[in-house]
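Two complexes follow with chain A in common, the first pairing it with chain B and the second with chain C.
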Partner chain A sequence: MSPKFLKHCDTAFGLLCRLLFLVSILLLVGPILITLLMSFDSREYMGVFPPPSLSLQWYENFFSNRLYMSSAQNSLVIGVVSASLSTLVGLVTAFAFCRANFRGKGALEALIMSPVVVPGVIIGFSLLLFFSSVGYYDGKLRLILAHVLISLPFSLRILYAALQGIPHSLTEAALSLGANERQSFADITLPLARSGIISSFLFSLALSLDEVAVSIFLVDPKTTTLPITLLANMRNQFDLTIAAASGVLIMFTLVVIFVADRLVGLNRVVGQGVHEEKNS
Partner chain B sequence: MLLVPSILILVFLYLLPLGYTLRESFKIHEPGRVGGLAGSFTAKNYLDFLDPAYLTVLYDTFFFSFVAAAVGVLLSYPLSYYLARGASRVGKKLVLAVLVAMLFSGAIVRVYSISLTFGAVGIFAPIARFFDISLNGIGYIEATLIIGLLNFVVPVATLTLLATINNIDPRLEEAAQSLGAPRWFAFWDTTFRLSLQSIISVALLGFAVSISAFIVPLILGRGIVVFTTNLIFSRFAEIADHPSGAAVAVILLVISVAIIQGAQLVLKRLH
Partner chain C sequence: MFEAVPQILSLQNVHKSYGAVAGVTDISFSVSSGEIVSLLGPSGCGKTTTLRMIAGFEQPSSGNIEIAGRSAVGLKPYERNVGLVFQHFALFPHMTIYDNVAYGLKYRGVPVAEREGRVTDALKLVQLEAFKARKPAQLSGGQQQRVALARALVTQPSIMLLDEPLSALDAKLRQTLQVELRQILKSVNCSTIIVTHDQEEAMSLGDRLIVMNKGRIEQDGTPSEVYRRPSTEFVADFIGRASWLQGVIAEKHGGDRATVAIAGGETVKVRSDKPLNEAVKLCIRPEHIKVVAAEQAQAREADENLLKATVENVLYLGSTTQYSLALSSQNKLVVDVMGTELPAVDSSGSVAIRFKAADVTVL
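Now for the complex of A and B:
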């Protein structure tokens, strides 16, 4: 092979990589940007992109719609309660896992992690069968419990890693200086696990606010969540109120990510490697 | 003592309900009745699944998930390679923020965005009209469905691959180049080979994400492409045939678990 040919190969390879890179970014971001633009459309019907002029009418529609507002309220309550519960249970479980080795620890951990790989529809359907056969019908609590189940694996993973990162010597020092176990947990472990606790809460909250596959089996006409209401209206409505709702949700997500970045750093949320530049 | 809460959750919200589903799947369904006949036993719900109509659903689920996993890896690899090696600090932070935002921004938002963008008022409508492609044709629906699945596969796959590439020493590639290898071969022989195992596991992850997708096929499949997950829901919501829905759920569960276990076996062999 001539050096010239190899050089062409290099150029072609570089171009191909750049093309694939561009395609994936466009694929991910393009639709969301278009939806954001459409949500400011001033026309009173769903017109062809791009909008000729901008207005906030769809946002007004969204915020003045009673069904959307009540389901958004439900979503927030369910999200905050389930994220708190899941973080609390995750913390307690991670603490027990860190403190002692016991028989069946690996098996128990695998079992807690396993709902991640079970399709949400199956969990939702099973919970529905279970709740109705034991005659339990409280809408909100059913949803909260279901969301705790699906966010627990993530909480446990985050908090287990956070607690394992705390050197044993610190708690041992506290204990040898006369603190009891509760004090050492409150004064040493909890503050050091702070970023893990925040990540776990935010992750569970985001998971709950967006959950559809499980919740769709458990909602009832009186208790429904925002994603389910949006989904129900997506098929039979020809207006852009859902685009405005998407805009609100995207803003919310960006705020959460900004907060997470400030508090814990985005790199801590995703995987880190040994050969990564340390300054980034 | 500390384990009591998580054990309670697992038993009452997970294991018992799955057990109820398994039991329900063997019950007899009477039309017009919600839930299976108590105390009955039949394998009919499973045998029904051998019907070509149901097998098509299973085939579609696997076929489109396979395509999404393969294309997803193809798109994610350059993205994570760029993040790990090529990007400036600002560029890296920006792409990372976009990926995490994608991961967190709701499935509903993303699916709606895609249906709007590729729908009748979206930017592709004039292009499709120009090339005489019907927006309601099967090919177009299948393509938007795959794009929808990719939106979920790519962020997860990229972030997973990023961790792998970050763990491969960049000096290997530089060494190969300084010994005379062209860039693409230097990459191929070092970084790519070392990340092969992770590529396979990411592909399987993408496959698992796709077969359990629910909203993507529900909205973007437009009733033309139906996934197994949608079948479970419609059994429950439309005809209240719980035993049949439960049987489909058991089949899907067994298949998903088998894929993941199989994948782990394959990875162990490779190691």
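Now for the complex of A and C:
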């Protein structure tokens, strides 16, 4: 093949990559933009895009609906509690994985990571069977436990990376300066793992807030989460309240991202919690 | 025990094994007040394990470690009064320089009122007072090293332990800091152990040098003793450069004077107490050998050796020139010659070498 032909191939390949990138971005952002716009639609029915004029009626609908509000509240409580638990358990486990060498370490890690590969439907169904066989029926607690189970693999990964990024010599330095193990953990390890802890919490919260596959088995008439309610409403009265709910969720996400950025810096929340301080 | 100089640290028959693998074997030495001891050896020789046992991060399998007259076996690191400087300094990245240095005072029970003065004094000692509000990442390697030193010194430890203190720095900075480090340690008169694999660092920093190999102590003495009178082949080879000749004690002349017959039929006059017919190894430092032109070859003094040699290779190193020589016996020698006194070498490459009997180490 002539060098000229190869060069054209390179150019074509470069263009193809760019095109692929553009399509991916469009697929990611496009639907969100359309949903956001449609949520401000002033028509009484679900019409074609774009909306002829704008109104806040779907938002009014969302915020005045008692079922939506109670399930949003449930989602928030379940999300915050399960994310906190998942981060706490993840931190303790990651610390043990970092510091101790014990038999069955690999097996334990595989066990904790397994919800990533097991389909949500199977987890949900198994949990439903499990909870009913032990006679446990409190919807909220069931959901919290299920969400901890689902987010723990991610918490563990994030926190394990964060703790591994802290040189052990820092702890040893603290010990040699008179601090005991507990004090050195509080003074050195915790502050340096802060970005990992925040990322783990936010990631778990996000997972919990839009979890459907597992939750659908565990909700009861009194306790349901926002995604499940949206799904149910989509079946019987298909209107744009769902778009408004999405709008609210997107706003919520933006606020969380903004706060996280203020606290630790966005790239470190999204990336791994490495301990190095920025030169400020 | 009644000794003139109190022992700050003493290790008695310390063993450490990891399962079936021996880390260190039968280590005994002591450090007296204000003394700086260098622990030198190749990587894996057990010097870091020894340091970590003194610091309390590892416990000896058997034997005793006494710090300031009290057995430290079984004590946690924070129950011993030991100051540590780590290889990569281990400064707390999220704290200011001031907080780094003040950290030890908090847990050593120093009253709040006293802390500020002591931190300031420690930072003055290492000339970094102006940097106290900065974070470690904003300091250069050399400055970080000095902060690590101040942080350890401020708690007034019984003994300071420095783990490869200069190895993370570049060569030029290392030399300046060697001088500075010794001055600081001497000015506060703190007993110190410096672990290093760099022989120059070990010799220049330490009042005493302990050479370790394969978990054992090979030699313990002042740097000049260890360099001039290495007690084992390993020490002679590890510290400085040396040329080796093998032979047998052929004659004894009374006192410690002896003649060694080396391979090829040549003889070398040495000082040794070894008995007749014992196989020996002779170690000669490159700087102790003088190269002269072959025609003026005659020993000037009774105690001097004179051997014929051929030049095989010449390496120009700036201040010195290094000659690789072959003796008639095919033994190889390396000689350093100062730049100003280059010997006349004839076209066949033959020269003569002279060295004193007292400069030969017999092992």
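Note that the second predicted complex is superposed on the first by the 244 of 280 C-alpha atoms of A that agree within 3 Å, B and C clash if a C-alpha of one lies under 4 Å from a C-alpha of the other, contacts with A are read in each partner's own complex, and residues count from 1 in each chain.
In the analysis below, a contact is a pair of C-beta atoms (placed from the backbone, for glycine too) under 8 Å apart; a residue touches a chain by one contact, two chains touch by 3 or more.
For clarity, every value in this text was computed on a predicted model and none was experimentally measured.
In the superposed model, B is the one of chain B and chain C that contacts more residues of chain A.
Legend: residue contacts after superposition of the two complexes on their common chain; A:143 is shown touching neither chain B nor chain C.
Of the two partner chains, neither chain B nor chain C is touched by A:78. Of the two partner chains, neither chain B nor chain C is touched by A:197. In the superposition on chain A, contact is made by A:170 with chain C only, not with chain B.
On chain A, the patch touched by chain B and the patch touched by chain C overlap at residues 275-276, 279-280.
Those residues of chain A that touch chain B in the shared complex are 6-7, 9-10, 13-14, 17-18, 20-21, 23-25, 27-32, 34-35, 38, 46-49, 88-89, 92-93, 95-96, 99, 108, 111-112, 115, 117-123, 125-130, 132-133, 145-146, 148-149, 152, 156, 206, 209-210, 212-213, 216-217, 227, 230-231, 234-235, 242-243, 246, 249-250, 253-254, 256-257, 261, 266-267, 269-276, 279-280. On the chain B side of its complex with chain A, the touching residues are 2-3, 5-7, 9-10, 13-14, 16-18, 20-21, 24, 35, 74-79, 81-82, 84, 89, 92-93, 95-102, 104-110, 112-118, 121-123, 125-126, 147, 150-151, 154-155, 158-160, 162-170, 182-184, 187, 208, 211-212, 214-215, 218-219, 229, 232-233, 236, 242, 245-246, 249, 252-253, 256-257, 260. Residues 55-57, 76-78, 82-84, 86-88, 90-94, 103-104, 106-108, 135, 137-138, 151-152, 155 of chain C are the ones that touch chain A when the two sit in their complex. Listed in rising order, the residues of chain A touching chain C in the complex are 167, 169-170, 172-180, 183, 187-188, 191-192, 275-277, 279-280.
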